[in-house]
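Chain IDs A, B, C and D follow the sequence of writing; residue 1 opens each chain.
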């Protein structure tokens, strides 16, 4: 999608157990997961005796240069990439979060969101706890500390049933890495083999980069303890129907990854094909909004028999750039990243395939650029249904009113975008593409939240806690006003 | 191509005349040219009275943040991106190069290489000149300073006939930007219109990003003086047969650019089609080595009727990375950037299209990855002829003996790469794709250098001067040993 | 003293209440306290609604540049300077420490050390608490959080009696700054007036720099709540006999400061005079080891009638410097900072006055330099008694065995240092200089610790917690081995 | 003096010949000369074959950390510290300046100013030369390059007679370091012995830090070639009456240095004594404005029999600080650096000795602080005559009209400063203190410039060239307006 800033994964996690140079391997695996979070990176490493965390704002390759990795010996490591919510120096919520408790030192990295974190936090604050971050993940560390269990894994098994929501998490302590996934399996977590040792990662592409082999998913409700070549599997909760995040297939995961036991490429391609069946159009060519829509566009082209072309060039050299863009340059925000290939576009009826639309403002500018490049017609095909609801399970989404589809019909959106036609993939079509329709969460499309918030107020409090770089001094009722209301 | 480090453009240039906020526009245009040089960036801006240069190592968006651009007011600017030759802090040769001479201050940015720079430099050193850089571009500034002409453009017209080789250059002084291109037109230089003012840039994609319009090329042997809305065209030399760098079409330029008055997309696509005609193969799919080969691969697929697929995912999040990679990870250098999509590759007979092969070492690793991902067969098709000779007109190439095709037959290369088949596009095919066969330089394929070096020694001296971050203390004969010998 | 690295204050604190631009004033006050800690600096500011902390490694003027201060509006602020224990990036223990608890957000900065922090921490960990730092100060935040008191000041009054040891602390929450000092008053804490508002700081020199006026000390066992021009004074504990750190007068505090209600200049001068009376010597001149001994040396010269000279020049331009010094340069560690003035020294019998000796290694080199500069005799006079015991109340000291006076007689030390004579000020003399002999802690000289550690093990655990940048994974008994043993 | 920003040395230089690890030794020597220039530092090192320069903004210890020094092997090195004229990133004029000419590579570092640099530069520009810096030092490199002499030392001997003004310079090329001093010997340059090799430096304190021994001054008009243990002395010009800068003794040099063959301590002390004789006063104590006036104040105290006290504490922790100081804090500029010791000052009649007064604005604030601290009377004694003229031989001075003594009588200045009395040392007294009255330049006091400027215009042009970070585009007559006029 062209508006990455408005709908994005909050994290990727990695764990390496029993391999010397674990921090360096973890850094490479995080590099492969960089698309899941580009604003901070962190690794905790353990040599069995000492545990050490390094984290900073920036890309993995910048945070973990050779001189830093040299100071991080050890055979056990976990890692994390994430978006910060705001502010350039907001390191406070970077992960892993390392603390000491009665068992010694422990560190945790977490992908997902806990919907009852606000109430748990409130209760623990009432009970005398202090919180150093505004992250929901810290709640788990508090719960673990309160458990009397001697082993960290026992403590996790004891307390995870208390938290509700999405979590794919890795924990490091002593000479083991523990990985766990919530019973509904919202977020992916893969188990792999590096030589005769175990590794875990959000997506299997993190295994490929280090030459590890994908074994299987950590199952929903499963907790695995990874030691020096051993794996112990335990259950957080009995099996129930999964609620995998379908947006991992739509947009977040890399097409070369396996997530949820399925090839992202296959599902994404299939979604394009079904979209082609559902909404064909007479046109000269099909093109993608690169790179996330490439696979779906190929599927659409295959299904419709239209030629696939690369009509848009994406500039990948983006750092933190051009914050307050040149006043003289119109449509700067899209130009800085995309440029149509006039040779391909001019005089042609174009089908442009994107994976999703969030706010629509940038897409409108892109359509305009296509027309300036000579496009005779622009037909937009979206390889997922209209996004009408925010996510509360680990994706950073705009508030509902900023979702263009939450308050506008498809025709209205088409008119706003100034396209000849606009079609979204049906929800049935998307689920069909996954091959396991009933196993996916569709809340952002359908509004059916598998794990409800207690109250609307919780959503607001959660937002405030999860996003605020600065702590509110006094949680008076006046502060509880919902962000959306 | 997958080995960008071994065959790369040395620069991109930009000029903006008569537009307030010229430095900011220039920074955006340089961002669009970032693929032409990623290690240093620089801009000289003039407000008509003062002239100021800022340059540093790093990407454009890092070097020219808002706080820097704020200190660079003025309506005239030139800019430059380049590779440094070696060393992380080698700022000495970054451009533009600003100096003072009898006309006042002047600054120059240059794309290309002057083959007689060593002898000119030697002569001027003998005559008492000092050189502050090891760049051949400084020679032009010395020549200009020695001219008695009152105006900078007159000085340039007077001295450019003395230099031989490749140059597309921009010069700023007072309230004008001067742009010039060598008589053989080796390197591209485009003229554009921003509102009612003029701009120049190496490729037209730099115009698109700021909303400027491509007008025409600065012609070979032409010098243009860009003032406040005026353009004066003059001739450095009478027209002769051009010798455009065909590698701009093969690899360097962006497909959304016009260079040499032609669409890069069209030439590159056509080269793929001709390659398909010349060397078809029975296979299941065609894929590119992204992103530079995408267009040629699409052409190949079209010509052969094979389906085009995206079988390789490229990780674009590369900073200065992983210098001494993990010892445990095999084939690290290719894994860090590319990953096959197993779903697409497994069990398939693959045609992999790349634009060129330089040394072959990384390609060999990539082929291995494809096999590990399950490829049944790997057929390699190269959309240009074998590279057998180094370039001396502005491209940073390895020495001849490192060019795999300089000493190996195609079958030997195929065996080394372990592919089922390997075919290169014929030189005729490539020239046919350009549409203007006789107007291109083919030295790197054919060894026919349009502008010869005086002596072999000059090549060596040139190399030393152009590459050395540090100055040789005493140019004794012992130092003159050729780099290649 | 010439070996600052081995005997140093761990912190300085500041609080500003009710003054707009509080963070900027705090940064200036911290700059005046920079001698109390040079490795990290931090400020928490509150605008009454939001509270925000910025802290980083480095000097105050580097950490709090204008662009940072601009982002820190608010009328209430606390600040802290400290030494990190080791490692260049050890930010984890920098203060203030900001957390959230059931009252909302709160931040604390602390000078001193709590001797029962290890046992309190252990107990709270057993009770389910997590610790994010290895600082003893975090213990206080946990205790406050566990108090049910509605107001932060009530919570502090409730919990401070539980902690034993040294603390001069400032706490910020909402629209107030709370300052408190332990009942024995180990470390200084001054109360001042800025216009019609209140400020607190470790030393009164911090008031002078902002034009504030010294009012009085925060009394031992007193807690003051500073609001918008109001001050409420409460008692942590009933008055008892103070145990002020006499080393504040000997070395730590600036001579232009008032601490413990007394002029540092007066006490330090007096100590030099008494030293002159106790150990006169026939010599040509008296000189100081600048700058900390200047005042005592002037006193010594006055008492003995010998002329005061500046025979040593100190180089103040020290950054993190010359870690692994040139092998060719002997006595590098002292040369880098001190140089004798040959003109003053040559042929003279010198009395060199220093405030204290810790390990003696650098002093030995300095004496050698004096001889090389031509000194005929070198007599050393120390304006405090032999340091024989480590401090556990807020000073970073070497272990006992590294204290030269812990295991050597004065004559042995003189022989080691190669001086003609060596005399220390008597403990009685030092206490007499303070004017209030019975109110001072003399543990480092006498071994009489006013607040004992529970067990030797606690000392070790405390050391480990207070110093370790990295957390121990498992606090097994094996780890409890004392640092000194 | 308290206003260092307004009257400061522009540089210090170092040379080391034939000692392995020359760059590291040079960095230590530069550290000892840091008081002569704190804004940039640079070193050129030669291993006999390659020559390499590293320079950057900042203190020596920041610019030359271990990792940088590791990349600078070689036995020959020169170094330089300097003030930049303006702007935080003005690296363009940092030295050494390394260039290539017909002899190979050469690098130069220079302390002083050439008064005919503008006309030489103008002539060479007319003759076709280009200038990369705005430094007068580049002129020497151009002249050397134009010499046909085969050896660099012969070239220097040939061209130095052409330049007029002040220079103490070091040049490195191949396996030798050349040092030269102008015939009038304005700026100091010392020759020393490190083991069996030679070193040179602006002041002898640079020798002390590395354990080298002071031998003698490089004589005015002398050029020495330092090889691998050999020294060849040659003459730039026949001996004439020297014109040493008397301000080196008044303020610039460190008191532990020998410059001009004399102890700075001795001259400075003597100047204080003569001042005491010339202008005694009934008072309670004498104090210095630390640190530059300490020695003179001791001399004044000795001569008058008044007690010497340290009534002012100077804060040495200054980085680039507090640019736009807190609006609420009065007299910020002086408070940030100085604080009176109330205990010493209160109720006393104070004689405050400073080495010089430039503009007087900060001194006025300091006097006010002394009164606020309770001073009963403040008598100011200046250990040099009134500064009435700018310097053009290597000191960065304000323009004439900003020198308070250029337009005000002593009584007027006393009234402005609000002191009970003010006396300057007579010029005769100062010269008497040097012991060699006729050998000193007194232009800044007397207006008698030993080397005149050609025209007033030259002064202006010189200023523009020497100071401007940015080059003027067109040196039209309109730009020639004098800075002072």
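As a convention for this text, a contact is a pair of C-beta atoms (placed from the backbone, for glycine too) under 8 Å apart; a residue touches a chain by one contact, two chains touch by 3 or more.
Since this is a predicted model, take the numbers as computed values, not measurements.
Visitor: What are the chains that subunit A and subunit B both touch?
Guide: Touches both subunit A and subunit B: nothing.
Visitor: Starting from the defined contact criterion, work out which chains touch subunit C and subunit D both, please.
Guide: Correct list: empty, since no chain touches both.
Visitor: If I average the CA coordinates per chain, which chain comes out farthest from subunit B?
Guide: C
Visitor: Distance from the CA centroid of subunit B to that of subunit C, rounded to the nearest Å?
Guide: Each chain's C-alpha centroid was found; their separation is 60 Å.
Visitor: Roughly how far is subunit A from subunit C, centre to centre by C-alpha average, rounded to an integer in Å?
Guide: The answer is 47 Å.
Visitor: At least two other chains touched by the same residue of subunit A: list those residues.
Guide: none
Visitor: For this entry, which pairs of chains touch?
Guide: So, checking each combination of chains, I get A-B, A-C, B-D, C-D as the touching pairs.
Visitor: Can you name the residues of subunit B that touch subunit D in the complex?
Guide: 46, 48-52, 89, 97-105, 122, 125-126, 128-132, 134, 141-142, 145-147, 173-174, 470-475
Visitor: Of all residues in subunit D, which touch subunit C in the complex?
Guide: On the subunit D side, the touching residues are 19, 21, 24-25, 28, 31-32, 34-35, 38, 59-62, 65-66, 195, 205, 208-211, 254-256, 263, 265-266, 294-295, 298, 302, 307-310, 313, 315-324, 326-331, 335-336, 339-344.
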